[in-house]
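Listed after this line are the structures, all set down as C-alpha cells.
Below, chain A partners chain B and then partners chain C, in two separate complexes.
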Partner chain A sequence: MPTIMSAPAVTAVLVDLSRPGRYVHWGFIQISVANLVVIGLMLLVFILAIAIPFPHGGKK
Partner chain B sequence: MSRRRFNPDRDVAEWQGPSVRYDLLKEVSVAFAVVLVLAIVFAIVFSSPDERAITLQSWSKAAPVDFVQTAMTELDGTSGTATYGPPYTSTPGASQKLGPLSLESLVGVHIPLDTAQQFVISPLRTLPDVPVLDRAIAEYQSAPAPRKAAWNTAYEKAVAKATFSAGTLEVPGGAYGPVGTMMSHLLDMARTGALDGALTATPQLYGTDYTKPLLFIADGAYMGNVASNRHLLGEQWGMMNETGNYPGQAWLWLYTLWYQVPPMNSSSNGDVEVWGIMMGLTVLLALAPFIPGLRSVPRLTRVYRLIWRRHYRAVET
Partner chain C sequence: MSTISDAPMEPAGQVGYRPDTRPTWTGRLRRRAVATLPPEKLLPDSQPSYVASWIYVFGALTLGAFGVVLASGAVLAVKGPDWWHVSSAGLFVNSVHLWGTELFFFFMVIHLWGKFFMAAWRGRRRATWITGVLAFAISIATAFTGYLSQQNFDSEWIGTQAKDGINATGAGAFWNVLDFGQMLLWHVLLLPLVVAVMVGIHVLLVRRRGVVPPFPAKGADR
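Our next item is the complex of A and B:
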C-alpha cells in the first residue's frame, strides 16, 4: 500500500513565523520585530549600494 | 534674446566629458533573476501567513452569545453598520467631515443597507419548512413600530445575560414576543454556514461580494478581539503589521503614525483628517520639482556625490 505523506509534513516550513508576534514599544510607537528587521535590511542594502563601487563599463 | 539664469535645481549643463557603456537590459535581467531566486528561497524557508478567514460560521461557533447580541443590534437598527452613514445608510450627522466638507455625503448612499431586512429577516426567509419561524417573522413584521421596539428592548436586556452550553443558547425569559425564535434560528443558521451563503448569494455563478458578512462580523466584539490579539488594530499601528512574526506593510508607517497622535487619535473625523494630511503630503511630493527650497533638498544633502564619488573625485583632480 503506498504511503501518503500527511498534510502537516508537506506544508511544514523551515522557519515557523506563524507563532505570536513580538513587538517593541517605545513611547507611543509600537513596531513588530519583523518590521524592524526588514527596515534594518533595507537600510543595510541602501548603505551597501552606496559603499560598493559601481561596476566599470567599457569606455568609448 | 535674454537667457534665463542657470538654476542648479532646474537646469542641467551639457556633459562634455567621456561616456561609459552601460547595459540596462542586462541590469534588469540580473535584478529580475535575483529577486526571483530570493522570492523562491524565502517562500520555501518562511512560507507565508495563512490565517483562516473569520466567517459568520466560525464567529457564531466561537462566540455564540456575541453573535446573537450583535444580530439583535442589526434587527433593531443600532449596530455600527446600521448607523454608519454613507455609503450604507443616511443616518444624520454620521459621516466624517474635513472642515465643512463631508466627502462621504458627497458620494452618497450608494450601497444602501437595511440591516434588519438584509442581515436578519431575508436570510431567515430562505430557511425552508420551518412553520414556527415563518409565523414568528410574520408576527414581527406585521407588528406596529412601538410593539417591535418593546420586543427589541426586552430581548436586548435578556440576551445581555444569555449563556451558551451544549449547543443551546439559553436566554432568560421576557416579553420579547417572536424575537427569541428569530434569533435562535439565525444563530443555528449561522453555525451551519448557511448565513454566510445567504449574505453572499448572487445571481452570478460565484459570490465574491463579502460586504454584508464583513460588516456584520465587524459589528460584533469577536473580530476586534481577534485583531487586538494579533496587533492589527489601528491604535496598535496595525496597518503596518502582519499576523504572527511575518513582516508587514512597513511602508505604511507614515499613514498609521497620524492615527497615534492628537488630535487624530481621539477625533471622530480621524480617518478623513489622516487622509487629508496624506493627500497634502502626496501633492507636495508630486510637485517637489516646482517648489523652491524643497527641490533643493537632494542637491543640498549631497547623497548624489556619495553615489558618484569617483566621478567627482576625478573631476576635482
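Our next item is the complex of A and C:
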C-alpha cells in the first residue's frame, strides 16, 4: 500500500523547522534566510509582472 | 425644527427651494459627495488601456488578501484561543490568518514598488500616495501586535526584545508590548480599524483621481 506524505511531513523534508533559523551576515547587516527568500520572490514576481504581457488588452 | 421650516411648502417645479437644494446638512453632504465622486467614477465600468498590465493587479490582490485576513481574524475572535491553539480547524484558520498576512504584505510591497517607479503621486495624487504609505506603516504595527499575540515562545521573545526598543522611543510608558491584553485589543480592534479606514480613503482617492498613467515614452508628446 503506497504511503502518502502529509503536507507537514513534506515541509519537514524540505526545511527542518525544529532547528534555529539560518542567518546571513554581511558587515552590520544580518537577515534570516527565510526573509531573504521572501524578498527574492517579491523581486522575481515584480520583474515577471512587468515582463509578462497581460492577456486581455483594454480598448479605451 | 428649523431645517423643515426653511424649505417652502411648494409643489416641485415652482419657485423656491427644490428638494435637492434644501439647506440641510444631509443635502449639502450628499451634493458635495456626488460632486466629488460621481457614480461613474465611484464604480467605473472601464479603465484606460495602460491599466492592462500585471503590475496594476497588485493593489486589488492586496485588497483581496486584506479581506482574507479580516475574515479569518473575525473567526479567530469568535472562537477564541482554546480553539485556535488546539483543534484542527482552529489551527487551520490560524494558519490562514498568518499566510493571508504574508500574502497581504507580499502583494503590498510589489504594489508599492510599482507605484514608486511610476511616481504615482503625479497628477494631484499626493493624498493617494500618503494614505497608501500610512496604510503600509500601520499595517506593520498591526502585524507586530499579531506576532505578540501568538502566546508562544516566539511572541515572548519578540515582546521582551521589543520592550527596550519601544521604551527608547518614549512610547513604552503607555504602549506596553509585554501587556498581552493591551496588545491583543490593539491587534483585533484599534489598528485594523485604522488600516481599514486608510485603505478605504486610499481606494476612494484612486477612484477620484484615476489610476496613474505610465511615464510617456522618450520623444513622445507630453
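Note that the second predicted complex is superposed on the first by the 39 of 60 C-alpha atoms of A that agree within 3 Å, B and C clash if a C-alpha of one lies under 4 Å from a C-alpha of the other, contacts with A are read in each partner's own complex, and residues count from 1 in each chain.
By our rule, contacts are C-beta pairs under 8 Å (C-beta built on N, C-alpha and C of every residue); 3 or more make two chains touch, one makes a residue touch a chain.
Predicted model, so just to flag it, every value in this text is computed and none were measured.
Partner contacting the larger number of chain A residues, of chain B and chain C: B.
Look at A:Phe54: by the touch rule set out above, it reaches both chain B and chain C. With both structures placed on the common chain, the touch criterion links A:Leu44 to neither chain B nor chain C. By the touch criterion stated above, A:Val13 is placed in contact with chain B alone, chain C being left untouched.
Of the two partner chains placed by the overlay, only chain B lies in contact with A:Gly21; chain C stays clear of it.
Contact with chain B, but none with chain C, is seen for A:Val33 once the two complexes are overlaid on the shared chain. The residues of chain A shared by its contacts with chain B and with chain C are 38, 50, 54, 56-60.
In the complex of the two chains, the chain A residues touching chain C come out as 38, 41-42, 45-46, 48-50, 52, 54, 56-60. Chain B makes touch with chain A in their complex at residues 18-23, 44-47, 49-50, 229-231, 236-237, 240-248, 250, 260-261, 303, 306-308, 310.
Residues of chain C touching chain A in their complex: 46-55, 57-58, 102, 106, 109-110, 113-114. Put simply, chain A touches chain B in their complex at residues 11, 13-15, 17-23, 28-35, 37-39, 50, 53-54, 56-60.
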